[in-house]
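Two complexes follow with chain A in common, the first pairing it with chain B and the second with chain C.
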Partner chain A sequence: MLQRHMTALAVAVGLTALAQPGFAQDTYKIGSAVGLTGYAAASDRAWRDGQALAVEALNAKGGLLGKKVEYIAEDNRSEPQEAVVVYRKMMSNDKVNVFASGCVSAGNFAAAGAVVRAETPMVLCSILPPRPEEVKWAYSILPPPRFEMEARYNWLKANTQVRKIGIMHDPTPYAQLMRDVGVKSAQEAGFEVVAVESYKPDDVDMSVQIGRINAAGAGAIVKMGQGGSTVTIAKNIKQLGLEKMILLASLDDGAPLKAAGEELGERFMFVAPRVQIPAALQPGEPKEVAEAFLKIWREKFGDRDPNAGARGWDSVMVIAKAVQLANSFEGPKVRDAVEKISGFQGSFAKYNFSPEQHVGITENPYVIGVLRGGQFQVK
Partner chain B sequence: MTSPATTSTSRWARGVVLPVAAVLAVMVFALNSSGYVVTVIGFAAIYAIFVTGLNFFMGYTGQASFGQNAFAALGGYGSAILSGNYYWDPLLALVVSMAFAGVVAAIVGYPTLKLRGHYLAMATFALGLITYEISIEWTGLTSGYMGISGIPPLGVGRYELGTEKQMLVALTAFLLLGVWISTRLRDSRFGRALRAIAGSEPAAQALGINVARYKLMAFVVAALYASCAGSLFAHFVGFISPEVFGGAMVIQSFTMLFLGGIGTTWGPVIGALMVLMLPEFLRGLKELQDVVYSCVLVMILIFAPKGLAGLVALIPTRRAPAAPRPAEAK
Partner chain C sequence: MPDLVQFAQSLVNGVGVGLIYGLVGIGFCVIYNASGIVNFAQGVFVMLGGMVCHALLSKLGLPMIVAAVLTVPIVALAGLAIEFLVVRPMWDRGAALFAIILATLATQIAIERLTILTLGDQPRTYPEFTLGGPLKLGSIAISYQLFWILGCGSLMVVLLWLFFTRTTAGRALRACSQNREAAALLGIPVSRMLMLSFALSAGLGAVAGILVTPMQVTAYNIGTPFGVNGFIAAIIGGFGSAAGALAGGVLLGVLQALAIVLLGAGFKNVAALSVLLIVLFLFPSGIFAALQGSKGH
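Coming up: the complex of A and B.
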């Protein structure tokens, strides 16, 4: 009998915990659905850590409009279904005021409908959701794909004789967008795309695709997609003995970029924001803001790559700026205020939002980086 | 001695009334809770439908299928495309997608089900992988990883289930209907044939059961359930992408089936609720969430090897007072 009562009590306690409503709001809550596990873990963990540092910095200065800022991050496991669950948890139980979620595009798309119905603004690491009514409430901290392409094409044209290129991309939305931009803009930039090959992020060998690109006469591979696939491609190029093939990689975390650079030397290059190569920081405000972030980042994380962390930091600072402009915590007012943020210098880039421009980075923030002497430097 | 009538009533109460009451209690609890709870229990209802179908093939018939996610994808994308792009009524889109999935299951299952054991498992696994790859690569139809958004909620004509709580009521109705069909079929001639096949295929054959035909029928029924679940997911969330119907779905559904009780009518429902609700109870543990969750699953499998539904059998039945002996009756 006692056992049965204990079981009933345990179930009741569990259900109560699940249903627990949020308490009265005396803090401004920023929620973040991030892929702490799964394919997006590398970038989203750094994104989260950058955000947490930014919230600490805001609270150290007294918070926002007199309220303490609370940061809530939930793991969406890089899966859309889990993203829907954690978004709902943060909306109905934690009562978050604004979202600053990570780079899992499908997860953000899946939850966007409910977030919009709740009139909660979103500042995202991913690309914007596809529907106009969702775009109205969403802002992106991610640079448009064309900037990555421009940086790589410009460098290739100015520094090499290569005019035939191959494109390799993974199937993620961002990489697919970049592929379309890359193919479309190649002719304008003076290149011929002789092969377009796809791969899965967890493929362990890409010799076949690389072989086809080489056979088509390409002198460089422009790679779109993040993670260990960059290292796999670099190793395969080396194994195939393609001694003149250049590999130009996407924006990524420092770890795979270093590993790929160790394979191919200076034939491996990548697009990098200046905060990833501090020597390239432009004097003035961009340098001051980036160094302020880097100082706090390094104190906490040492040599860890700051790229995604800087974007996470900026996402919180953009929200803080919007709250100050709106002089309010209300979702619709904060949403409207983000559209008024222009010329706002972040640690990663400068942000220019407007009613028509919900992708904040409008100036190309990239340089071409290379691994030299174990350090990232501008090529 | 318990009279047959008392035993039958007790079994009915334990097998039907208790589970239905439990499901309704969970749903009523959800309807009085936050959107978060509605979402979690809504997903549990959808998975319960999926696993109830899988139970036909794996539980009742004793076969292995690692590819039911393929039919969930057919249902999900069918509903998304028909109702999102061509403005069909969601319910009609769901039914047509189910019919399509059933036809595909019959066509694919006819040659595939000639295989047995591990070979059948590998063939069905390949089916799931192929469908997953198609959903990624056929971007003109599925939009690949970009997914399809703006899928309308369930509804007929001008009536639309506008809120998640209304959707949850509909999901509960679908679930109870699915379990009722499963119960009825399990105790029918068809269900007995399936259980005979699960016991021994040669023995079933010797008894005159057309093993290949019944296996195919179980496969098709499982596909219909899977397609229905896929469609319901699409209408519940309003968005689908290939990851929804990937390998994680297979692993989760297997966990639900074995944890709840394979071959039992209510096991899939219990398993789905357990597998989707337990991680939420443990969410506060942060990094330790997965560790504790896995430990709890292992403990359940050790101490309840027949699944959680098997524990119901341990509940003592209240016996009716013995009938008075003729000598005592005055």
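Coming up: the complex of A and C.
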């Protein structure tokens, strides 16, 4: 009888322990709201896969401060409303310690208020949310939009006679921010923006917008936005018989860049981090870190494009570094520690955070890429 | 103010896209006529047409014509599967039409997810059927693929007309569209007609997907815009007439193109949907049905 009572007591104690929040936090949880479907799928799926590899690598080395790292990714369908739902789920059900969400800026903005109230740091693929109180808790792994524009304008100015350009952008916050930067910086770079046209990522034809840009006298289209729309624009340029029009695309996954390059040849160019064109990696630490990542990436995914995966990997490594610096898992301490990360070499770029600098990439990591002989090369 | 060349070029582009909307619209009409069901999974047939054709080209290395011809029955089988697994069980249990329509919407989402899992999330494309081009008429460029779309679209309408007027199965389908109960009393197997309509509709969607992919890309998520625009095309055309749906698609494509030229891309859908509202107010049964009605009188 006594033994039966003792067993019941042990079960009760066990169940009580399971119900305690402390039990759930035996792992350090990284949550990620990612667009696994919708317009951001190509980059966000790779971002997620890079993060999952990084978490595996951390756990293989014993985790963080003795705790196993758990990775939770939820599909926000590339839509802000869905993003709010999955952020809430990860905060209330999964009780994540830190967010490392994907590139759907509008989704991250929509949920930022609630995340800040929960004092949870965010290391994002997207641009930073607009409100200062949200920026305090958010860090970006994405290079500033001006770097993309500088890389494209510098190349165009140095290598062509084109001085009139057209801009095409989608309605995402990132693309709109890039449009504003592009329009603002064009004049000082020596270009005249003769047309600004918008499109939706799922538009089936963009010939009319391209026709308007051509009619305005532009010699190049600077495109802001990711995904299959780049291929559609390249095809439309060809279908319109615009034999001299240059297309300069945004940072993107390799698949659409390759397809667009097959249409326009070397009239199609794109901004690329060096990890996307490994032959361009700079010797020394940048090359060592990028190649260490690429080795693991290729073992798992073969020749899949590593660009977004590298950023995903870096986001987890930045968080790991912050936890180690803070020597704590508490949100406010990890948040403060990210601000102390400087000169941290990632596979995508070098990160220099500070209290005033929450966009970690401060040196332009881009080269201008082109498809040549079926391979990406530096133009 | 845009010049005449811009207007003419946008008309050409609008016709190209509109023909595809029209083909999707015809698919809507075929199923609606046979059953009263609006199949919101219609757009995925376009997506599957492009995806399957691309897979046959790239994985099996088949010539374009073989890949295209094989794609149509494969996607038609997908249509049959939807009918057999989703629509028929509900139909046989006497489910309300709106419930079946909702189920087709859920089916679209399920097929999109299945496509990601099996074929991946990357956009893909293949070359135009006739390389080179475009054909230049002065400053106006016409892609060779547009002629393929125009030719195949017209051929589809003629074949459908022959099917509906000259074959027993086609006449039986028409009988179902007029009165299903009476058709059943006359011995027409209404449920088999439903099956036929899904296969036919899926095949039409596949043709649209095969034709349009060389002009842009295909990916798991391209079904929705084609589905929405095809639905609007079918309504403009009178939701029942194949020629009306095709003409409705062309009208929609041209309106969208003109809206971009005159008002900017942001107003493309606003303009198209405003026209749809006006059509519904003035001609509740569609412009082309109204025109046919006035001719009859």
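In the analysis below, the second predicted complex is superposed on the first by the 355 of 379 C-alpha atoms of A that agree within 3 Å, B and C clash if a C-alpha of one lies under 4 Å from a C-alpha of the other, contacts with A are read in each partner's own complex, and residues count from 1 in each chain.
Here, a residue touches a chain if its C-beta (ideal position, glycine included) is under 8 Å from a C-beta of that chain, and two chains touch if they have at least 3 such contacts.
Because the structure is a prediction, the values reported are computed rather than measured.
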{"item": "First (chain B), second (chain C), both or neither touched by A:114", "value": "first"}
{"item": "Which of chain B and chain C A:92 touches, first, second, both or neither", "value": "first"}
{"item": "Partner chain(s) touched by A:205 [first = chain B, second = chain C, both, neither]", "value": "second"}
{"item": "A:217 touches, of chain B and chain C: first, second, both or neither?", "value": "neither"}
{"item": "Chain B versus chain C as contact partner of A:259, first or second or both or neither", "value": "second"}
{"item": "Intersection of chain A interface sets (partners chain B, chain C)", "value": "198"}
{"item": "Touching residues on chain A, where the partner in the complex is chain B", "value": "14-15, 17-19, 21, 74, 78-81, 84-85, 88-89, 91-93, 105-106, 109-110, 112-114, 129-131, 134, 171-173, 176, 198"}
{"item": "Chain A partner contacts - residues on chain B that touch it in the complex", "value": "29, 33-40, 43, 136-137, 139, 144-147, 149-150, 164, 233, 237-241, 243-244, 248, 277, 280-281, 283-284"}
{"item": "Chain A-facing residues of chain C, complex", "value": "2-3, 5-6, 9-10, 13-14, 16-17, 20, 112-113, 116, 121-125, 133-134, 136, 141, 143, 145, 212, 214-217, 219-222, 224-226, 229, 257, 260-261, 264-266"}
{"item": "Chain C partner contacts - residues on chain A that touch it in the complex", "value": "36-39, 41-42, 45, 197-200, 202-205, 207-209, 211-212, 215, 227-228, 231-232, 235-236, 238-241, 253, 255-256, 259"}
